[in-house]
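Note that the chains are named A, B, C and D in the order they appear, and that numbering of residues resets to 1 at the start of each chain.
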């Protein structure tokens, strides 16, 4: 009965009245949506920024900051007089500044070799501050490095295509595969699939509608291998009766959210993906991807998880 | 049927027998409730305090502590005799104390330049302790800084007003909008709305009652744009038949709890908000806030999320 | 109908065949149960131990370890020859050892003043190791201190007594109160109550049975004040028809688990409590504990949360 | 009615078409499944690796890295000229290199004794970098050590055997026991049991099928003692009518997932286990494991949790 079909109109993702669009979720799982009308400053969170940038940028930034702080303190020491650092005077500005710079680095990192060292009160006060600031800065760096390290990272692989395959007698099913390509152990894996396409509304306008797809199993307890997620296209499925042409014309997109508990990070991780109408295959089925070796041990061939073969009728 | 109306009497938030009050939740999301009858000490948690104060206060406190600890140890060194730090004697108390202070700072931060250094056993023992205490103190600072940095911070925006808008044929709906103004990615967003107003009870006393409002969608899977939260005012809604005057007389307040999973912090974050009777607009509808640019990419105009227009009948 | 009464036989908490016992949950919330038949070593977890001991014991342990490690390395330096640390020889064993000890402390904490410093290769190698070990040790201390600091701590107060109070017409209810005495903000508070008492089984033996009590509200959205938890004693309640004498004879105990999301720790916290048969009051009701001040601001009087008054019939 | 039997076909764990296999979950709780067809590099996560290796390997790796970094910088200092470190020249290459090595260690750990110290600009620049890198390296080590320490570790014990015991009149039940052998306190314990065995499908091929077993209590609130998990073999149980021979022929395996909230780690922990057909005992019952001592205090004898006795008929 069509009365059971539930349009979910995921208002968080898209307006009712939009038309031809790019994909809503990029293949890397990020949302393909810009935000405007908000100041850079207001939408910026420092921790978020420092935890999300690449390692190269993070380390480069750390280096630049290290040099800048040392430069700043070198200038302070020079203003106070480089001779107060206990090194021979009369060797020129550059020699004095370099001495101050190296002294600054030795203070900031708390190495404190001591050959260059503060002799008068002002230099001592600046050095006292710098050593304190240095320790605080490295405390912050420690926190950030831990924050970066311990953020849950997944390597969830989805099959290259979603397929429409035969199911039961004269039936059809939509399937795709998902696997954890890390050697981490996962439990309580869960998948949600939202189908979306353009439809004509009462006035004949193209309206993008969103439908939640029922899955044969939406949750599995253990997830050590490949999971073939299965949506059976029965009469209450919004895909019932849809053809390849319908989905192409409607610019269909299937949005996927995967969640599981990861033992290493001791928390729930997630991965997003989407299949567009041109990522769909019809009339095929997935090849086998789980095997048993000669010793009776199971193994999963991750390189075969996207392999399909002609369905035999 | 009115029998379906569920009064929730949220005893955690308010007594049954209170009358005219200030708003229960401030616009910044904190509860507008004092606690009395409990000692300062008993209700105080150090970690809570140090993690919640502003950065300015936190850094000031750190500086004060740094100076105080150094001061304390300087006195100890002076008591033992500043000459045991290996610097020239006979320069007066102030010179001796300053030397002790700078030495203390060099020890506490483990810079240890070495020009000033402990010569006798007692000075050595104090320095041994101070260096250990210094490292512990900076270990604690590291932990606190990480605790401050990694605490989930949200920048959830709510529309300035909640609106009563037309819905279906002759129907009405209560709507407000919510958006994540950070560039972080959120999933599994969820909203709960509790309506509250004064009613007469059997004895004719004003009683504040609380009602949980059913939402068209109380949870959405993806949350990259603006979500227009929608409560349809059907016959089982406690708002059924209520007018602007009723809500003003009853000092109505709509309490909102928003929760979502934030990718950056890898945990569920929350935001609270409330609309008072004077934050309500009648007979308007929200303007469009999600658009598609010329390349087909969706974008959301956060500065338009509160914009309303006259509803056409 | 009594057929609805569900015996829950919480096998995790107690055997079916036990008799007169001490309370199962102590007033501080810990389980009053010993574990035997398992080696100290097997049931011991180092992190658990170091995170749970008192601050006094933790700091004392840290001090002892600090001295011990330094002692160990001092012996190594002395074996290699204290003259290799560059201090004057010929001052006797004790002077040599103390020098080695202070040098060790300066190396372990990475202060490194440098007056005492390694001159030969072996002393240098030992110092190289000690400095590395020192940093590792303080890294571990940092982690532990953060672990101790950031563990969610609650200060949940329960009313001194649970009460049997009048409810509706001729009805009764079991009530107790719970409040958060910290100034932290909590949401999604939840309570579970398990009643337990001795009953005669078929053979006439005393058997301890466990029953889950239905609550009027088992979950509230906001929790800024005092929550009066309410179990209505209707016909399907296992307490239906029970008298004070029944509960005393049956050594009744009401076990309580409280959970809520705490904003400061950004995670769900819990508290446990229990009321024994001698903690129950009959025929009273709780006094009011939430008030509105002259400015219309709500406040909760935590010192009044256990106050009861004679119920008027 | 057999119509109620639900085959769960846990596709995350195993294909439909596999035959005689090793156990799916090892006794230590890890999955007995290999992953092939994926590059070492792609399936490797550094944090995962460093957090999961043994302490011995972790500390050995840290030592090797410490020596290697020092070696690398020693070479740099030597290239620049060991005389720039301020030590006497003319003592040969080895003496120069060792001096450079010890200086490097003193810089990397920020000990900085100062007897050996940088004199020219290049040496100073290298030392400035090394001290910075040293602090970063130890910041990373701190994070990793905390990550290793704070990962939730459980010591959940399962009884050696699962048993088929008498239940009610002429009925049977499958039981096993689980206990927390740490002294940590756990709440909200939960168990899931999946039965799996080979069956003939329509074509007569051996197919491994998975069934979710209903438990008498799948969740308990408090977990201080031993929990006897109980699956009653009623008509809708997939075990109904199965004999020891059936399970042996079908290579039956019972997969168990245990979850609970651990107070020390302030998060949900889990443990996995499995019983193979040869781990099953028939016609016995568990001996009592919870006792009350003379003071009325409960205790649980963990060494008796696997003890069974002949069931009396």
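The rule we apply is simple: a residue touches a chain if its C-beta (ideal position, glycine included) is under 8 Å from a C-beta of that chain, and two chains touch if they have at least 3 such contacts.
Keep in mind that what you see is a predicted model, and the values were worked out from it rather than measured.
Participant: Moving only from a chain to one it touches, give the least number of moves from subunit B to subunit C.
Facilitator: 1
Participant: Same or different for subunit C and subunit D, where same means more than half of the interface numbers show up on both copies?
Facilitator: different
Participant: What chain is the most remote from subunit B, judged by the mean position of CA atoms in each chain?
Facilitator: D
Participant: Determine the centre-to-centre distance between subunit A and subunit C, using the mean Cα coordinates as centres, and give it in whole Å.
Facilitator: Distance between chain centres, rounded to whole Å: 36 Å.
Participant: From the C-alpha centre of subunit A to that of subunit D, how far is it in Å?
Facilitator: Subunit A and subunit D have C-alpha centres separated by 25 Å.
Participant: Where does subunit C touch two or more other chains at once, residue-wise?
Facilitator: Subunit C, residues with two or more chain partners: 106, 110-114, 142, 146, 267.
Participant: Could you list, by residue number, the parts of subunit A that touch subunit D in their complex?
Facilitator: Interface residues on subunit A, with respect to subunit D: 62-63, 66, 70, 98, 101-102, 105-106, 109-115, 138, 141-142, 145-146, 149-150, 153, 155, 181-185, 187, 189, 217, 220-228, 230, 261, 263-264, 266-267, 288-293, 295-304.
Participant: Hey, which residues of subunit B end up touching subunit D in the complex?
Facilitator: 110, 112-114, 142
Participant: Over in the complex, which subunit C residues touch subunit D? Could you list them?
Facilitator: My answer: residues 8-15, 17-22, 24-25, 30-38, 42-45, 47-48, 51-52, 86, 106-107, 110-114, 117-119, 121, 124, 127-128, 131-132, 134-136, 139-140, 142-144, 146-147, 151-152, 192, 194, 255, 257, 265, 267, 269-270, 272.
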